[in-house]
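All remarks here apply to the structure that follows.
Letters A, B, C, D and E mark the chains in the order given here, with residues in each chain numbered from 1 onward.
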């Protein structure tokens, strides 16, 4: 959040990049397609691009990878007549996922997730989409190509995508990101199962901090998905003219997926809480056993040592010391006490 | 979830079987009936079937057991004109229960539960139902015949089932699955009661992991039933033309059952949480007692041993050692200390 | 729930008694009344009864005590033209309280509670009520007369009851059962207060399981009352023609009572949770004290015993042993150490 | 709740006093006022009062202090034509706060709170208000004059109160009681802050039960205020003809206050829960320290004592005993062990 | 809350300052502006000000810093025709954030937050805003200039602010305060991360109280922001004539920010709870280790000391003492026991 401090006091709608991932070279990946027509271009030097909205029949998709160049953002904004608050949100990477209908287009923010299994860490990347009939603009923070699969489908002309409009393209892009959540969930599920085994075997003392860290990551995930669910819900129910009716059934399906992800996150949280309880009861259970050992040993030998101490005293007049079998009688007594206590502990199920 | 990884990047509506339970031979069980008419067929070799929708008066029910053959799914899809997203959901076995109205039919997903008492494990099987006036298609993952009871009722012509349409058949199928939940609940209730006795008798250290496992299973159950409740709720309130008005009262009844199941799951969870608290307090209580024993023994014998140690020293000038009754006086003192401490512990209710 | 297993597979609407409280002799208690007219009959042998609905002016109330005779239930069902699902619910004693409007009448399920103070156990009995203008049928599982007070009011002609219709009668019957909840609450409150004293005095180790059991009973109670509240809420808001407008104010009052009961149950749960926390902190607090005693005794006497051990060694050359006042110097040192540690513990507030 | 038992079985609307605070002499304090007119009377002997409703222009306020005389309640009821259920509620002091619109008037129940700082105990007193255009009747359980401030404002003619109708009077009465909640909150806040200091200083073992008691009192408070908030909410939104439009803004303000009180109660509960967690972790932290001391002392001196024990043995052939510097070598060894362990514990941060 | 006590009994609408921050000199900062026109004045001596509402085209903004002078508040109230309840709320600094529409204007309460990093303490300052077309009045409790940034924007004429009306000014003022919340959140996030490191390193025993204090501060923050979110939500949806339609999109953006703040507060609470659990499990884990050390040392040396004690006894007839290698045999036995126990502990993973 370090750049936020600079932003305070600026008028609303100021386009300020608040992240710290400067892409080497901003890439703009451009598609223009219809059912039987496809044009693709990659602009490296963005200075020379002319952005244009096509008539309704064609879909123009500008995929901008790298958003630190605020001049570019503003150029796009004025080319497509985008509301300043949208441009502000595009460049401020600390947004909640949301769905907003503006007069001239629809604006969606979603966050892509990557789970680093080594560090048990989820990183998120903000993706912003803006579209109306004729064009879609997507803003990604890094060069990583989240939309590779969609691009291939457009190139191949497979599936429905080339026959449909911008709303279906947006749906497909969101769908890819949400599908990716399931991979993250799978990875986390595997981690949780590993952790569960570890906790039950109790080999390692790092379990407790691992549980803590996974819980933190699920918090991140929930913070990302809870508002997304809401946003997709609005998307599914919108009556905007930018969304065709026969796309709604797909968005509803997408909505189901976000609910499913949310369900999984919640039940993982429950699992981790259960695991934590298990861990704590394992620890206290083990402590119990340790203390039982201590108690048994102490309870057995401290009295015996006392007895030995008695006959180690140097009084002149201690008749027992002079008995012939005094020593053996005492040894016998000690064995009796020892056996008696053992039976007692056995009965109490301490041994 | 292992096949999900493969699915990413495929266009929506792709029919991919994501499970791993390949049925030896897919069985298609076909019924055609009216109040006074019944035709039943079992197809082993599904290649030769001609699927047909009957006019409204007759009910055609295709029960497909085994869904790994995606070609078959797609064949059924095109025969009955089913939306591709439905076909995708049918073959993807990681669906939440849901109720969806499409233009041309109603699609329901429900999960059947089986509780394995040995392993304290609930397994779920996804069942998909699609119907409109004239026909019902059901998709089960395995060969196990969940719908045996309904089939018998159709064969006998008992009850209302032969006089009603497809909506009532669907209701009956759902009803059988929900009824089965009660059996699972009964089994779990028995397990919980057993566990409760065990925890109170404290014989076994496996209790804590058993509580943990039962809680996990209830999580699975809740994840299955919470969305089902919602789905059946929509079903009960639908004004679809595929559901007759006089069937609604039965669906409402079914809805009551899902609420009842959900209530039971929630109260079992509460019971298990209570049990866990009880277990932890039992453990800490027992630890308390163990430590009391340790403390009593140590507090009594350590000072006495010290006293004995004093008179075990080898100083040349220790007048007490030469007293005639020194030894007996000391023994008397030790007994006094012992008795005094015992009375003290008695008063403190430690003994 | 043991009979439920048998029920699976039967068509909906099958009347099967799922309880195990077979009443010796089923009693049917019949009232017919108007403001200035009263007829009362008790049928022992139910075979000969002719059930009849009266014209609107008169109230006919059939109170059936004992529901294991499914033939009788079905006979009543056909006599009064009751929906088969209602008959199923009447004989299935594992219902949630509910309020259902059917075309031809209103059906209510409520559960009466009895608290057994000895065993700290709540038992519930299902009561079903069905009414429309002209008649009321009530089904109780056992012979215990829950409705004695209402019956007396009808016989005496006191209060409003004789001037009103079936809706008011039903209200009165529900009111008696809900009033009874308050008695159960009072009993539980007394138990909780006793428990609280016990926990603070800490005399008894049975507290923890008693808390657990009371919590379980409150779970039962909540499971009974939460849906009832909802049901009475529907009853209060119904615009059914079977409920007169001037009765609504009474039902609203009844609704307030169920909310009050629910509030009390919730706050008892909070109290018990608080009690449990208190118990656990009492236990850990006591453990703390025990361990302090252990630590003080050990910390004081173990070093002293070590010192005595030193001078109990048999080395030939130990100059201190030959000092004239060696013994007394050592005793003085020991007293100094003892006093020093005592002051230390005093400062640390351990003593 | 002790009189409730008697009430069961009585017809609804029966006026039975369920409290136990019999006021010595019931006082009825009567006001009749308009903007420029004021009549005030105090009736000691209520037998001779003639209750009368004034025409709309004048406000008649009967403040009844003491409600154990059910005959009086019924007399008032018939004088003002009050619904029997209201009279029942007035005399039954175990009501939830509520707001009820009847055809002929509005009925409000609210509970005044008093916090006894000595006993950390909140006591509640039920206040019932019934009004329509022209008159207000208030019922207080005890002689304590909750409404003194309002009375003074009427007498002085200050503020708006004399220019407004019965609705504003009722608002003013409620406002005084709700304002009083803030005082209780302040007192509780002070208690919590004191407790917090105590817990951090850990001087006193009574903290845990004090936390428990304060939590109980907050439960009482929440039980009182949660339904009140709802009731005032209804009051603020009512479109009853008994409430003038320009009074609504005041009631909305009152509603804000109840929300604020509720917020405070909730955050106090959170604070107390936090305090309890803190207390428990303080206790376990202290236990930790105590056990560390025990472990350090034992770990240091038990092995040393063992060494001393070795050379206290009486074997004939123990060469070390005859070494010239055997004793001093051993002492040196012991010091080395001692210092070594100290360094070890220092490193482990136990000292 | 100390002045609240005085307020009780006063009529509603009484203007009483309940805070204790008397500003040295009350400052009234006045702006009058249009797109191309700006007048600014600072009044030190407020006695001579003439407040006036401008015609719709111009915006008049009176920013009052210092609210302890109730006479001034009342003067402003009558100058702008403000409802007495608003004036009461302005001077009573214990208000919940709220949004209220009155007939003649809109009243908003918001609280500014300051986080003192030294003391880990959040302080709040109440800001009240009242506006309608033509003028805005803001009331701040202290001299600190919260609105500096807005003022500069007005002076520079940058951004939209000079072209818009009072609603946009109010939005800008709220926006600055809400933006400031993010700074507080950042500071708290840093604190939490520091704490997390500390807990994992376990250097410091002050962690537990620090967690407790941060949780308290988050409670304060939540209490401030939860009602604000609601208030801004109402603001965003208002159809008041005082708010222009094209401002709504900005307020909706502001609403998103409050949700984001609330999300962060909630997830910080979750983080702190997780941290607390981690801390407790760290403490109990460390206790475990300490007790293991104690148990190992005791279990090893107590039996050995006992053995040494045996042969320290002074019985006349102890044959072992006279064996030639008795001493060495015993030493060997002791070493064997020692090694055996070490292997045992190694296997149990205690070492």
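FYI, contacts are C-beta pairs under 8 Å (C-beta built on N, C-alpha and C of every residue); 3 or more make two chains touch, one makes a residue touch a chain.
The structure presented is a predicted model; accordingly, all values stated were derived computationally and were not measured.
In this structure chain A contacts its sequence twin chain B using mostly different residue numbers, the overlap staying below half.
Centroid to centroid, with C-alpha atoms defining each point, chain A and chain D lie 42 Å apart. Chain A and chain B have Cα centroids separated by 26 Å. Shared interface positions of chain D, i.e. residues touching 2 or more other chains, are given as 284, 287, 291, 294, 298, 302, 305, 309, 312-314, 318. Taken together, the touching pairs link the chains into one ring where each has two partners. Residues 148-149, 152-153, 158-161, 171-172, 175-176, 179-180, 182-183, 185-186, 189, 200, 249-250, 252-253, 256, 259-260, 263, 267, 270-271, 274-275, 277-278, 280-282, 284-285, 287-288, 291-292, 294-295, 298-299, 302-303, 305-306, 309-310, 312-318, 349-350 of chain B are the ones that touch chain C when the two sit in their complex.
The residues of chain D lying in touch with chain C in their complex are 1-2, 4-5, 7-14, 83, 85, 94-96, 98, 100, 102, 203, 205, 208-209, 212, 215-216, 219, 223, 227, 276, 279-280, 283-284, 286-287, 290-291, 293-294, 297-298, 301-302, 304-305, 308-309, 311-314, 318, 320-327, 330-331.
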